[in-house]
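The same chain A turns up in both complexes below, where it pairs with chain B and then with chain C.
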Partner chain A sequence: MAELFLFEKQTQQNLKKDRMAAKPATTSTTYSPIDPIHKTRPPIFSNSDVDWLRPDSRSFHQCRPAFFRTGAVNSAAGSAYAEFGNTKVIVSVFGPRESKKAMMYSDIGRLNCNVSYTTFATPVRGQGSDHKEFSSMLHKALEGAIILETFPKTTVDVFALVLESGGSDLPVVISCASVALADAGIMMYDLVASVSVSCLGKNLLIDPVSEEESSQDGSLMIACMPSRYEVTQLTVTGEWSTPNFNEAMQLCLDASAKLGKIMRSCLKEAASDVQE
Partner chain B sequence: MVGLSEGEKEFIKGGISQDLRADGRKRYTYRPIYIETGVIPQANGSARVRLGSTDVIASVKAELGKPSPMQPDKGKVAIFVDCSPTAEPIFEGRGGEELSAELSGALQHCLLGAKSGSGPGIDLSSLVVVEGKICWDLYVDGLVISSDGNLLDALGAAIKAALSNTGIPRVHVAVNAADEQPEVDISDEEFLQFDTSGVPVIVTLTKVGKHYIVDATSEEESQMSSAVSISVNRRGHICGMIKRGGQGLDPSVILDMTSVANFVSRQLIEKLDSEIAAAEADEDES
Partner chain C sequence: MGLPNASEDLSAEMEVDAFRRLFPLRYFERHLSESIRPDARPLGRARDTTISLGAVASADGSALAKIGSTTMLAAIKMEVMTPSLESPDEGCVSIDFHMPPICSPIVRPGRPAEAAPVVAKQLSDTILSSGMINLKELSLVSGKAAWMAYLDIYCLDADGALFDAALLSAVAAFSHLQIPVVSLDYDGKIVMVTEEQKEENLENQPVNKDKRKLTLSSIPFSLTCILHKNYILADPTAEEESIMETLVTLVLDSSCQLVSLYKPGGPVLAYTSAVQDCIALTRQRVKELQDILDEAISGMEID
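On to the complex of A and B.
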């Protein structure tokens, strides 16, 4: 049985929840990188290291329920809405449209990304302005997946708006943006699924919420194309030893493979609705 | 932008696959590094790093400020990079903004560590004067004077050198009522030095074709498919990583890159240490 998920301090009720989530037959969309029933890898931390429960009573290696819906914005070529716990994001894709005259000729398409926060997204009222760092990270995460050769001389705009920030904002934005791009019919090699891991003390927490992010000692975020098994974006902060880093990376890759399936099923659902 | 003919492109790619690059280096060899410290008298610490024809300056200014309420026991460090139009005409006006933002972000990622403040780089708790009331704010500014590839590694090295050159004035705190803002007296003569042995170095591995190289020139960078910047400290731990450039990478390649970065960083740290020591000695003499 999976010791990894059976912490002494967890209540019986939580345990039941965890097992339910692990079974593919249940309707819950919660996903976990490791199947806790058929676990093969040894636990990275012994039970003695576990000294707290997560705010939303998840186990350390359990992601929040992921929800995707396409067609959130009518006027856009493609759009998607994603909700991971309290993190709520809306992404719309416009174009391809003709590149601005001032731009130099380019035989491949351009990608223009913008991430912004609403003023009410954070507990303290923010400025709601553009998030330049996230915009450039989103751009890098997506450009490796999009077949830019298919729309020369033109630009595709990707606008992401974080409606509510509940932690792991950037990974949610990236995943949601790739669903929106697929909805817009932009040619891609594969969907981009993104997951982050926080390191708190000795423990690795997948898909951290804001409270966990603010007290983390290190973080690792991966955006990858699950079917091609390629990493398009990777950021690491904090100090990591090599074995720890490998562990975290594998965890992220496994989780994004599962997230990729959820994204795919959302797109399939949308497509079958249209046919009916 | 670098204009290269088809022949030149092939020459660069072919050279890299045969482990002999256009300037005679091997894949994992850096260009000669020259470091000068104390180049800006107005700043608390400064350094100039030249890496081939890449030329950058980093300066550190310290100001007394108030710690954030979230972390009363920690000082603050901010890193900004400015790309001067003297380096490239396209940096003029708002042209350099994108690159500046990218470099600043990458340096913050690689040198400052995570939100909790613990982690690599600079020990933020050493910047506190009075807990919750007064701390030092360090403003680290990088300036790109001349750009010939591998700006991030050069800036990382310059910041490391500038920090080890930085002297923070000793502060005497007047004993005062507990809830008031304490009075401070900044000494002109006594300076405290930073312990910079923990500051990581940044190694950027640029992937060209099947192989990857360190310290790419701008010609080589124009041929890259992707690049990963990894910051590694003295203990061989990864302190930050950021991927730049478009195409995807296989996870096994990334793991391989981290071990290469680990190996290269050891030589680079040694080289920087001796250069910084030599520069400090030079400065003391003059």
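On to the complex of A and C.
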């Protein structure tokens, strides 16, 4: 358990909402106990530290093992569960169903996305709600892959819940969502596979975990349709040199192609199970 | 009132699925008169139930409980608080129940489900009044520091009997809970004790070395039943709950003492005999659930 707290940011106050406590909380401030030794985190890389092992002892260009399973939620039209190391997400797809009354008439279908975190997803309680932008990023990553013309006047809802955040959350949510959409039978041009790369000093780390993400100098995330070789979303933040950037992009595209195969085989397995 | 008769006439020629959608109540009553339910269960039988402990690594205790396809994920995070003046030797338990939009087509983001606050209140009443947790065990330094246990339960798939599944996941999470070892530093703050420090001899000794697990006395278990005419249906699915509206939820503890009985209205009045029948069903169910929980816990110990 102790490792979990190693890299915790100390100063961040957690968001507290009104809760039903056993007794009226006279003191509303609680805090997580913190490991005093690792208060100040040592720098992960010194200049020529090439022998560094990643926290989960992967090599720099190696992804975590990916696991997908469809049909995680029975009450949804389609759903998928994805687990990449400690990152665990569930995505449910509802619809196509009637759009909200207030919506204008539309010849093509609408896509509605929402990403939320459980309160226990992050090492410090309630920090997951910091990612408000993920909903619209998920929307933009999927929009281009879905054939919206096939469900005019209606809405498809894609809801994601991050059960545990272990790094690279958004790429996992995007990949998982596209498997869930396929499970729901929504027409798509291709599955969307998404991978991110973190830049730490001179090194490129693919599929970073939370610790690596929190100390990164730059990050690059690609969502793409592997069989069409088309990118639906590319996000770059931080400091990048051109050769680094090119290398990172190639890394991501190669990894997405592999990830796409894993997603496809998961769907094939599910389909053959139904037939039997 | 031509409808019920009309449905009877039509039932012979209509497809089963269409009949089920058009006349759900008659469809169910036909099954009930044969003492069977559409999912092939006898009236008094609950769905298959599983518990897996330790589903969330970022929490101090967690459990995933499934009753049929109703799925609940409960996790506990321990934080430190200053105890109140009235009870300096007691910690606190805070319980919350969430229904995220993934769990059901009825719930949309920004529009929370009606059922969620009801279940949350029921859960926190049941767990705190059952005496399962001794709040004194959550004390660290009298008057200075105590544990605040944040229990959050997420419904991942809503298919009826939400309270039963939520309570089961909650008690399972408490039995999986491992309290972190902490010590008091010079500023009077509680800090984690790491593995390396345990081996070294430290001047600030851990304050809770032998209090890593809570002693759970009298664990509460529950069963929800539907009352419809003279029938009692144990552990209803979402479909059954939407068609037949009278629910009774009973909570018994492991020694079969009644903790709570909850009947939120509904068109059917519960006669004493019906309540007694429900209690008998719940008694059986408590034994089943106790066995399932014990098995999950012993499975953990082997690992």
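By our rule, the second predicted complex is superposed on the first by the 221 of 276 C-alpha atoms of A that agree within 3 Å, B and C clash if a C-alpha of one lies under 4 Å from a C-alpha of the other, contacts with A are read in each partner's own complex, and residues count from 1 in each chain.
Note that in this section a contact is a pair of C-beta atoms (placed from the backbone, for glycine too) under 8 Å apart; a residue touches a chain by one contact, two chains touch by 3 or more.
Quantities reported herein were computed from a predicted structural model and do not represent experimental measurements.
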Which of chain B and chain C A:118 touches, first, second, both or neither: second
First, second, both or neither for A:79, with chain B first and chain C second: second
Chain B versus chain C as contact partner of A:245, first or second or both or neither: first
Partner chain(s) touched by A:272 [first = chain B, second = chain C, both, neither]: neither
Contacts of A:160 with chain B and chain C, given as first, second, both or neither: second
More chain A residues in contact [chain B versus chain C]: C
First (chain B), second (chain C), both or neither touched by A:233: first
Residues of chain A at both interfaces, chain B in one complex, chain C in the other: none
Complex contacts: residues of chain A adjacent to chain B: 132-133, 136, 140, 143-145, 189, 199, 213-219, 224-225, 228-242, 245-246, 249, 253
Chain A contact footprint on chain B (complex, rising order): 70, 98, 101-102, 105, 109, 112-116, 118-120, 226, 228, 233, 236-251, 254-255, 258-259, 262
Chain A to chain C touching residues, read off their complex: 1-2, 4-5, 19-23, 25-27, 29-38, 72-76, 79, 86, 88, 90-92, 94, 97, 114, 116, 118-123, 125, 157, 159-161, 163-166
Contact set on chain C toward chain A in their complex: 55-60, 62, 69, 71, 73, 75-85, 87, 92-96, 98, 100-105, 108-109, 120-121, 124, 128, 135, 148, 150, 152, 154, 156-159, 178, 180, 182, 185, 190-195, 197, 238
